[in-house]
Amino acid sequence: MMHINHIKVRGFHLDMYQHVNNARYLEFLEESRWAYFEHYPLMEKIHARNCALVLVNIDINYRRPAFNNELIEVRTKVSRIGNKSISFEQNIYLEGTETLIADAIATFCILDQETHTSVEISQDERTLLEEMAV
Amino acid sequence: MMHINHIKVRGFHLDMYQHVNNARYLEFLEESRWAYFEHYPLMEKIHARNCALVLVNIDINYRRPAFNNELIEVRTKVSRIGNKSISFEQNIYLEGTETLIADAIATFCILDQETHTSVEISQDERTLLEEMAV
Amino acid sequence: MMHINHIKVRGFHLDMYQHVNNARYLEFLEESRWAYFEHYPLMEKIHARNCALVLVNIDINYRRPAFNNELIEVRTKVSRIGNKSISFEQNIYLEGTETLIADAIATFCILDQETHTSVEISQDERTLLEEMAV
Amino acid sequence: MMHINHIKVRGFHLDMYQHVNNARYLEFLEESRWAYFEHYPLMEKIHARNCALVLVNIDINYRRPAFNNELIEVRTKVSRIGNKSISFEQNIYLEGTETLIADAIATFCILDQETHTSVEISQDERTLLEEMAV
């Protein structure tokens, strides 16, 4: 299901343009993924077989600047379950509106901690991810 | 032409995984673009016609973690000159090697500060960008 | 009165030592001051006479590392009302405990935006600050 | 001896006030301490006896805002060698001038990694620190 994380823009999130800096959005996205993961035992399943969830790509569109004191919300969900990779769609809206500030796809692979190679998603993980993607 | 910016990874760039955090790379990329822009009058030309260079997309692949004390280099160049958008290719290597840490495309549009709409690249800007892309 | 701001430590707050990085605490303090100021018209009073609240000193003791996923709380209050300066005491505790993680004093002066010199706290501001310090 | 670290202020260092944000200075100080430590075997000596250099206090005065594109320099030296603690004086100037932007004292103790208690500076470390303080 979709997870919503609320953030208030503060002065130190801004840069010379008085907008939230482009790098700071990636902290907002990471914060929101961690909050999302608290609702599902995904990391536990991955760690249980001595693997790690490793970020391999972020593709982010900056749509509208976010300004000081604005309330924003990050909507996160599983958007693609590949053979060896998982994508999360993370859209940032002005809170309570459909005004899109940024939309991103964050893609991860599952890395075997021993062989340091990416491995396939297990059936158990896939079942959970499909539930998360509804 | 290609611009190279050197950065030394420090303890505060890392995160819980002891790798440079994914968001921090976007600061490395921004730092490197500003250093690159110091060699060309691109911003001056854009500002002269009351426009701004606005980041619209970053697509970054994380290839290999960067660790504490590693020396890295960001290689930046113009990679695509569209009608209304410009892309910069920014590849981060372990200094002096071809070991790729991350590769990114940062895409900008030119925004008219008065109408707040994106405008076409001028011929003057295009000539400069073509020189930068060699 | 004392204001409490809750923060959850995330992976990107940490550094090479797996503790919250020393600089990140200053963002936690700033975030907490902004949240505190939302409850009182202090900034409004200062801005109304064309002044600004300017940070002049932070003195922070690091008492105990904060680790990934820990819940912490920042307790903020006015601690000293000088002639021309105001200090806020900001203590960071492990949430719901008296385990002190860091304690800080952040001192501000009031700067006249026209003359760029620090000015005395007005009687109106002092009355509010005394209420905030209770 | 005094160590000088050069930094160029970039757009992402700023905040809503168009000045370098107060937290960012602590990254500048940390960056400069690491660069300083590369010239002396202090960390090696401390690690060799299974201890760590642990930050216990930062006291920073913000004297003058730093603006976008300014070149600044951080001058770092050992300023006090106590029984169980070491202080570093770190002053940030506009590059090549005596215009002070911020001055800070960063104080560390030496922590035994096994007992997790602070220990006295060894004679060997003291000799080195005295050399660093000249």
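Each chain gets a letter, A, B, C and D, in the order it is written, and its residues are counted from 1.
We adopt the following convention: contacts are C-beta pairs under 8 Å (C-beta built on N, C-alpha and C of every residue); 3 or more make two chains touch, one makes a residue touch a chain.
Keep in mind the model is a prediction, meaning the values are calculated, not measured.
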Greatest separation from chain A - chain, by CA centre: D
Selected interface, A-D versus A-B, where C-beta contact pairs are more numerous: A-B
Centre distance in Å when chain A and chain B are each reduced to the mean of their C-alpha atoms: 23
Computed distance of Cα centres, chain D from chain A, in Å: 35
Junction residues of chain B, two or more chains touched: 11-12, 21, 23, 27, 30
Residues of chain B defined as touching chain A within the complex: 21-24, 26-27, 30, 54-62
Of chain A, residues touching chain C in the complex: 10-12, 27, 30-31, 34
In the complex with chain B, residue positions of chain C that touch it: 11-12, 14-18, 21, 23, 68
